[in-house]
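Quick heads-up: structures coming right below.
There are two complexes below, and they share subunit A, which is joined by subunit B in the first and by subunit C in the second.
After this line comes the complex of A and B, so read on.
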């Protein structure tokens, strides 16, 4: 299956802004993000803490809808999903 | 007009267009690139989501503060010191509603619209931290 993963702001600089992944069916969202982020230690460390959990300030959206962190941990990826990962917003 | 774009906007035209039957007050908020020892600022948006969020905020502001019209134009891309970043024009029957509506909109944008700023300095760059550090933003995205 195909999944689009988008990183924004400093996460995008470190990991790439727009990635098409082909994970196996039913993969956990956090596993997918970890796998992609592991290509760059600085990028991985920006998103995950030393226990491998999403850092408190990280925001995750699936198909344009924000996920609570508890949901993000247990969420399973579906074909065609768009996942966005970004730091706190700073517009205006 | 609700838009995310690279081009600047004609604020005078927005004000003229905001004057409609029943208008007694128009408030303009113009956020500009401040001279914080920077050369430029680069703005990035999760555009599809940010635009929907701006539209939702405009509708909420209209209902909550009895606004007659709302324009929100947020710019992205590279901007130099003094350029407009965000223009909000609201019209209402009375000044209290117009001021409150404008304030509601800017605070909602800062809290939850996925847009980021990077200040570009002679030594490189630095991302501007959000004002809502703990996960920032609305959890109710439609």
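After this line comes the complex of A and C, so read on.
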């Protein structure tokens, strides 16, 4: 199946902004993001903490709807999903 | 009533929304929280558009390292209070408006009184702690908050109409860690212009606002998009117990 993963702001700078992944059926959302993010340690560390959990400020959207952290952990990817991962930016 | 000078000044925008609209702008009060990268373009455009009263709040002095992006200030202003430097420029751009320069740190003890009876709050801050505070004040007073934030070539903006659209905490429940953020001046230019546009449309009750939408600008890719967001009934800032109960039942 095909899934589109988009990283924004500094996540995109570190991991690429638009990635088409072909995960196996039923893969967990956090596993997919971890697999993609593992290609760049700085990118991985920006998104995940030392326990491998999403950092609490990270925003995960699935098909335009925000997932809270508990849902993001247990969510399963479906064919055609579009996942957006971004940090709030704080500068002014 | 407008003077001949005002009618001449606003001629091209009166073509858009009439003297009635211009009168609404003149009677409006907007609080701009921050006189830095975002506050600069927001204040300049609102002053030029004729928003009658602009309260600009900041606790900083102008530093050399501000000048790549904080276009209200120039080299001669280094060491001045940012709000004084801002007020001077805004009054020279438009002497027919009132500018209040408020040199203070926005905190829980003064945020409500600083906002007063304003028609809207522009979030031009550089930290989420103060943003959450402004969000709370906006909700309590039921006035809109025009959010903007930037980092590098990247920026975001949304408009919050309390109790009607997603608030800042609905969208960003947790603040990112503080950092000295990199930035190029054009990014707050883009986002500040979006925020000022939102303020003007809101005051005039025209167009479609950025409510329940997070506008995202990636200057590096020259790409703009929006993400749909919605109110969180469990939001600690704007969710009500009644709504939470309704959600559960």
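Methods note: the second predicted complex is superposed on the first by the 88 of 92 C-alpha atoms of A that agree within 3 Å, B and C clash if a C-alpha of one lies under 4 Å from a C-alpha of the other, contacts with A are read in each partner's own complex, and residues count from 1 in each chain.
Note that in this section a contact is a pair of C-beta atoms (placed from the backbone, for glycine too) under 8 Å apart; a residue touches a chain by one contact, two chains touch by 3 or more.
Note that the structure is predicted; figures quoted are calculated from it, not measured.
Student: Touching A:19 in the superposition: subunit B (first), subunit C (second), both, neither?
Tutor: neither
Student: Who does A:1 touch here: subunit B (first), subunit C (second), both, or neither?
Tutor: neither
Student: Thinking of the overlay built on chain A, is A:28 touched by subunit B (first), by subunit C (second), by both, or by neither?
Tutor: So A:28 meets neither subunit B nor subunit C here.
Student: Is A:57 in contact with subunit B, with subunit C, with both, or with neither (first, second, both, neither)?
Tutor: A:57 contacts both subunit B and subunit C.
Student: May I ask you to decide whether A:89 touches subunit B, subunit C, both, or neither, giving the answer as first, second, both or neither?
Tutor: A:89: touches subunit B and subunit C.
Student: Using the superposition on A, tell me which residues of subunit A are in contact with subunit B and, in the other complex, with subunit C.
Tutor: Touching subunit B in the first complex and subunit C in the second, residues 8-10, 12, 56-57, 59, 61, 64-66, 68, 84, 86-92 of subunit A appear in both lists.
Student: So in the complex, the part of subunit A that touches subunit C is made up of which residues?
Tutor: 8-10, 12-13, 17, 56-57, 59, 61, 64-66, 68, 84, 86-92
Student: Quick check: in the complex, which residue numbers of subunit B touch subunit A?
Tutor: For this pair, the touching residues of subunit B are 31, 43-46, 48-50, 52, 74, 85-86, 106, 109-118, 127-139, 141.
Student: Show me the residue ranges of subunit A that touch subunit B in the complex, using the header's touch definition.
Tutor: Result: residues 6, 8-10, 12, 56-59, 61, 64-66, 68-69, 84, 86-92 of subunit A touch subunit B.
Student: Which of the residues in subunit C come into contact with subunit A in the complex?
Tutor: Against subunit A, subunit C makes touches at 34, 36-39, 123-128, 131, 148-152, 154-156, 171-179, 181, 183, 188, 216, 218, 220-221, 227-230.
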